[in-house]
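You will see two complexes here that share chain A, one where it goes with chain B and one where it goes with chain C.
And then the complex of A and B:
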């Protein structure tokens, strides 16, 4: 399994399996938690679909409903019920899409805390960590002919 | 790649008994691998989200780690595979604790099921609170390893 025998076939089979897994997951997952823009574009097709919006912005607030903007491309949609925050607040939301309106029915909602805006800092730290991990790996595994030559060269 | 510092700290702790620095370096890569693959496919490859999901599933990771292990020299492949897969599973275990409001985070039985599970212990954005403790763990364990390697002074 790990030998050099049929190496190209093994590597090719592994890469092909990865590609098939990706396509299969994409196909099977297509109807699960669809993008908000897809629901708004085809409201009758996605009626009663369960949605999860990791991040949405409250655009406006009324007495019995509010509007949120979410997704890429950004879509604005009405949400039934009392607003969990004020305009400008960011929320995370789960619930059901209804084609009449179209509108959203809330199942769970929470206002995202202010430190969510520090996401870029965590991402930057993660990139630095990844570079350090790769450098450490290179230190152990990279082939360095010059080092070998110097170590193997006769002294004098 | 949201919180690789925390993931790497977990690998530092789990990899402490390993004596070979090369195996440890593979474990550290393994713990970064799921996010590296996911974000790479998503942002560099422009792939849809669902296409990237096998990078965080136990069976999917076996294939990814096997393909990665094949890139090493023959005598190192078994160890590389074990270390990469161990690190990747550690990553998935830490991610499993996240709270995505019931939507799930890990496709635990992919490709047999598309059910995603989560333990809901912490919200994804809360990992920022773990940044300094994670850094502390890495520094502390590095110092311990360094002091253990230094010969005792006469």
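And then the complex of A and C:
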């Protein structure tokens, strides 16, 4: 399994299996947590779809409902029930999409603390860490022509 | 690609027990593979949900580790595969600590089940608070490793 015998076949089989799994997951996963803009664009198709919005902004607040903006492209939609915060607050939300309206029915909601706006910092650190780890990997595994040249050089 | 520092620390701590630096490097890069390969599949299939499903599942861990291990020299391949798979498993475990409000952080049993699993311990939008903790763990690890090296000398 780990030898060089039938190397190309093993490589091809592994790549093909990952590709098949990717296509399968892409097909089956299409209906899992669809983008809010897709739900709004095709409300009847996505009626009763379960949604998870990791981050949404409260746009306006009324007595029995409020509006949130979320996604890329950003979409504004009405949410039934009392607002968990004031306009401008960010929330994490799960619930159901309803095509009449369209509107959202809340299952769970959580107001995000202000420091979540520092997420860009985490992403910048992540990029730096990734570059450092790739450099370390290269130090151990990169193809080194000089070494090969010396090893393969004719003796004498 | 959120919070790779925490993923790095989660792999680097057990990695300190691995003597061979090359295997240690494979363990650490293994913990980034679910996100890196997920991005690759995303670009090909243009489906963010589907791509993450594959790379954050048990079958995906085994297949991607095997594929990656084929690019490692033959004598190191078997242990390299184990390190890569361990790194990927650590990544998925760290992701599963997140609280996605029940949506699930990984679908471990894909393609047999599309049910998401999560432990629900950390708010994913709160990861910025983990940065100082990660740095403290790295500092302690660096100190311990230097001290251990001196004792060996």
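Convention: the second predicted complex is superposed on the first by the 143 of 156 C-alpha atoms of A that agree within 3 Å, B and C clash if a C-alpha of one lies under 4 Å from a C-alpha of the other, contacts with A are read in each partner's own complex, and residues count from 1 in each chain.
Operating definition for what follows: a contact is a pair of C-beta atoms (placed from the backbone, for glycine too) under 8 Å apart; a residue touches a chain by one contact, two chains touch by 3 or more.
Given the structure is predicted, the values throughout are model-derived calculations rather than measurements.
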Overlaying on chain A: chain B and chain C, fit or clash?
clash
For A:82, using the defined touch cut-off, is the partner it touches chain B, chain C, both, or neither? Pick first, second, both or neither.
neither
Which partner does A:131 contact after superposing on A: first (chain B), second (chain C), both, neither?
neither
Per the contact definition in the header, classify A:41: touching chain B only (first), chain C only (second), both, or neither.
neither
Pick one for A:105: touches chain B only (first), chain C only (second), both, or neither.
neither
Chain A positions touched by chain B in one structure and by chain C in the second:
2-4, 7, 10-11, 14-15, 17-18, 21-26, 28-30, 32-33, 52, 54, 92-94, 108, 110, 112-113, 115-116, 118-119, 121-123, 125-127, 129-130, 133-134, 136-137, 139-141
Chain C contact footprint on chain A (complex, rising order)
2-4, 7, 10-11, 14-15, 17-18, 21-30, 32-33, 52, 54-55, 90, 92-94, 107-108, 110, 112-113, 115-116, 118-119, 121-123, 125-127, 129-130, 133-134, 136-137, 139-141
Complex contacts: residues of chain B adjacent to chain A:
1-5, 8, 21-22, 25-26, 28-29, 32, 35-36, 41, 47-54, 60, 63-64, 66-67, 69-70, 72, 74, 77-78, 81, 100-103, 107, 110-111, 114, 124-125, 127-128, 131
Spell out the residues on chain C that touch chain A in their complex, using ranges where they run on.
1-5, 8, 21-22, 25-26, 28-29, 32, 41, 44-45, 47, 49-51, 53-54, 59-60, 63-64, 66-67, 69-70, 72, 74, 77-78, 81, 100-103, 110-111, 114, 123-129, 131
Show which residues of chain A lie in contact with chain B when the two form their complex.
2-4, 7, 10-11, 14-15, 17-18, 21-26, 28-30, 32-33, 52, 54, 92-94, 108, 110, 112-113, 115-116, 118-119, 121-123, 125-127, 129-130, 133-134, 136-137, 139-141
